[in-house]
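Each chain gets a letter, A, B, C and D, in the order it is written, and its residues are counted from 1.
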Amino acid sequence: MAKLVARDIPGGSYVNLGIGQPTLVADYLPSDKHVVLHTENGMLGMGPQAQGDDIDPDLTNAGKLPVTELPGASYFHHADSFAMMRGGHLDVCVMGAFQVSTAGDLANWHTGDPDAIPAVGGAMDLAVGAKTVYVMMTLFDKDGTPKLVPKCTYPLTGLACVSRVYTDLAVFRLEDDQVYVTETFGTTVDELASRLRVPVLAGPFPA
Amino acid sequence: MIEVCGDAEAALRDLRDGATVLVGGFGEAGLPFGLLDGLLRCDAAGLTVVSNNAGNGDSGLAAVLATGRVRKIICSYPRQVDSWVFDRLYREGKIELELVPQGNLAERIRAAGAGIGGFYTPTGVGTPLAAGKEVRNIAGCDYILELPIHGDVALIRADTADEAGNLTYRKTARNFGPIMATAAKVTVAEVNRVVPAGAIDPENVVTPGIFVNRVVLAVGTAKAGSARSGSRETTR
Amino acid sequence: MIEVCGDAEAALRDLRDGATVLVGGFGEAGLPFGLLDGLLRCDAAGLTVVSNNAGNGDSGLAAVLATGRVRKIICSYPRQVDSWVFDRLYREGKIELELVPQGNLAERIRAAGAGIGGFYTPTGVGTPLAAGKEVRNIAGCDYILELPIHGDVALIRADTADEAGNLTYRKTARNFGPIMATAAKVTVAEVNRVVPAGAIDPENVVTPGIFVNRVVLAVGTAKAGSARSGSRETTR
Amino acid sequence: MAKLVARDIPGGSYVNLGIGQPTLVADYLPSDKHVVLHTENGMLGMGPQAQGDDIDPDLTNAGKLPVTELPGASYFHHADSFAMMRGGHLDVCVMGAFQVSTAGDLANWHTGDPDAIPAVGGAMDLAVGAKTVYVMMTLFDKDGTPKLVPKCTYPLTGLACVSRVYTDLAVFRLEDDQVYVTETFGTTVDELASRLRVPVLAGPFPA
């Protein structure tokens, strides 16, 4: 899945990869694609995770893991970093999700469990700020309930912000409240249509 | 001209009950461990802490929370795998939480330092975190009104201070330091070294000395982000 | 990755009629003379220019105004001893002026780059420059609402660019460059030199490359603030 | 007058000196007073005006004159510089004025002449932002009209912001809509009271 996301990120993009699974996307971005990674704690030009002697507790990613810096990197403070995000300067951000609606609404910060301790971090800023938001998630949760939904029932992170959804079974493009299936993995558009509670259309990726 | 304090307690001497304390750091990078240790030895209670996280493990901010002297925390990401101190206090109703999206938190702190009365942000619109906040449509987009967060004291971690109070930072440990320094009545920076005025290239100053009141040298702690002890290269 | 343009015309190739052009500089420090010379040779008309001043003498921004292709200027300090070009156009009713206090001008540009929909500022309250603006009392103080100023193109003067687009500036020539770079769809920087990525210490980058689209090397002009010609130290 | 202003600026202050006469104050600030000068075009730690080979067109003050940098200086962009001003971080600013009212209202950017080309610069930001605003002006204009007035008739720069007024004939302290005369030069409090259209009280400077 990370490989597909990496494939679809345009060369030369400025990209923020969310905590968890999205960080794997970095492994599939060849250096000649000139993608520059942003980490919202205050850096552009982030390199791979640090190992051994390269580990510096002052150099971490948004998941608080030690990382490295690439030539052409820069550091900036939090207000500048989030201005960069909110101001629409990032081309792509990739995040996980609990639910995505057909309108592109994103729910990924809270399950709605009243006993849960809430934590939001930079998810809402990324959702509204990046020019395009890609989501990576399993298409169904453990109970078989679809996570691509007509309307999110979990607390929202952002409205109408997601444009592509990468899942274990298919890749979706969301546009004008329509859901296009652009790739399937071991399933068919018809089968997906029957298992999801949202109408889906077969559609190729635009060039 | 800054005051170089001998220890964290001296730097925190005027902390009062009910004060709002801005604490730099993102995770452990940029967390002022020495100042937080000093805070443990202060009497001030009923504090409001503003920080991105709500403490990890049992040291640093978590140790401060464990004293019960923090009434409220304003942060973006309290829940972490090792945030058990906060988790317990929260579940027991012993600490109030104001959850703020990270960018709004940063911008509210900046606004306080910049004399801005409030600002309209798109972040959080349509979400539960916008509850009770004014929504306004400007040029076709919805925004919510957010207000500044002022601090009585800011406790930040920097790399080098010069004797004029100018600061530089190290890598992503910069995070909240530069904005918190602007937003508090008194800013205390924990640094790795103090150098003479002029030793930092004026082009490379990140926090100008006008925002810094006191400096303490970092002491090596097992968990400190920049663990090496501080040094005073020279005095005026 | 930035595009290093051979000349100012190439850097300004997509300037359209009616565009809003942000022009860096305070007086002549930080004014992008080479880009303004290029602007003279463009056809685009009906421009709105946002700059602190409205031109000095007969070169630079004044020469651009003299072409008659600037419909409106948004600035804080148009009147100067040698602003005769602007003065004449203004008295003849040939140019519209929006006068904005300098700090509000800077903050409105920053707001555009930062995705802020508007902000409340105390500057100008009770003065003629607040006429028609919303006044709001927040926490006991009056503020006026100011809205962002977005640019189609920003023309700025920097010192060094690396091939990732990171910029440093020289002394007070920094002024509006860093904020204008964030507020325009296309940012063009006139620089003294282009160095390989990695040649600028990441701690000392003032404008990260994400905000910079094109770079041109400065050519020596008699009146240029940083008059020496630019050099390309290396290419990738 | 510049000497008196310099005398009254507390040691260790961060100070902005306005264009024109206020810049002369710098000449009377001994270095052991550790006053740090701010110039709103983006610098702290400004030194004296530059001469000869020290002139650098990239290093100017708010009046666009070449200046120098002192050890401990720093440069910052315009949004940061005005955030510093607006945020109340400067201890003192010194400006000229057309008129000051007894309430401390300041008029110094426009004469109200409808034919004049307006220009405001950073005056309004300084008026609202600095912790204390000192004004330097002649007490009467060329026609003998007082410039310390019950209410400004010229367009305002800021409301209730001026706390001290240094003039050729006297120094005034403005407090709670009262005007205290703290020093006189070749005149008396009674004489001033008769020439001004505002009530004045004799009062020493507070410690």
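The definition used in the following text is that a residue touches a chain if its C-beta (ideal position, glycine included) is under 8 Å from a C-beta of that chain, and two chains touch if they have at least 3 such contacts.
Computed from a predicted structure; not experimentally measured.
Annotation of chain A and chain B: jointly contacted by C, touch as defined at the top. Fewest steps needed to get from chain A to chain D, stepping only to touching chains, is 2.
With C-D and B-D as the two chain pairs, more C-beta contacts join C-D. If you average the Cα atoms of chain C and of chain D, the two centres end up 29 Å apart. In whole angstrom, the spacing between the mean C-alpha positions of chain A and chain C is 34.
Centres computed as Cα averages put chain B at a distance of 33 Å from chain C.
The residues of chain B that reach two or more other chains are 107, 110, 114-116, 121-122, 169-171, 202-203, 206, listed in rising order. Listed for chain A are residues 43, 69, 75-76, 82-83, 85-86, 128-129, each touching two or more other chains. An unclassified topology is adopted by the chain contact network, corresponding to no line, ring, star or complete arrangement. The list of touching chain pairs reads A-B, A-C, B-C, B-D, C-D.
Note for the complex: chain C touches chain D at residues 26-30, 52, 76-80, 83, 86-87, 90-91, 97, 99-104, 106-107, 109-110, 121-129, 169-179, 206, 224-227. Interface residues of chain C facing chain A in the complex, by the touch rule stated above, are 1, 110, 112-116, 162-164, 166, 182, 196-198, 202-203, 205, 208-211. Those residues of chain A lying in contact with chain C across their complex are 12, 14, 34, 36, 38, 43-45, 69, 71-76, 82-90, 128-129. Only residues 39-43, 56-60, 64, 69, 75-79, 81-83, 85-86, 105, 110, 116-125, 128-129, 155-159 of chain D touch chain C when the two sit together in their complex.
For chain B in complex with chain C, the residues that touch the partner chain are 107, 111, 114-122, 136, 138-139, 141, 143, 147, 168-171, 201-204, 206.
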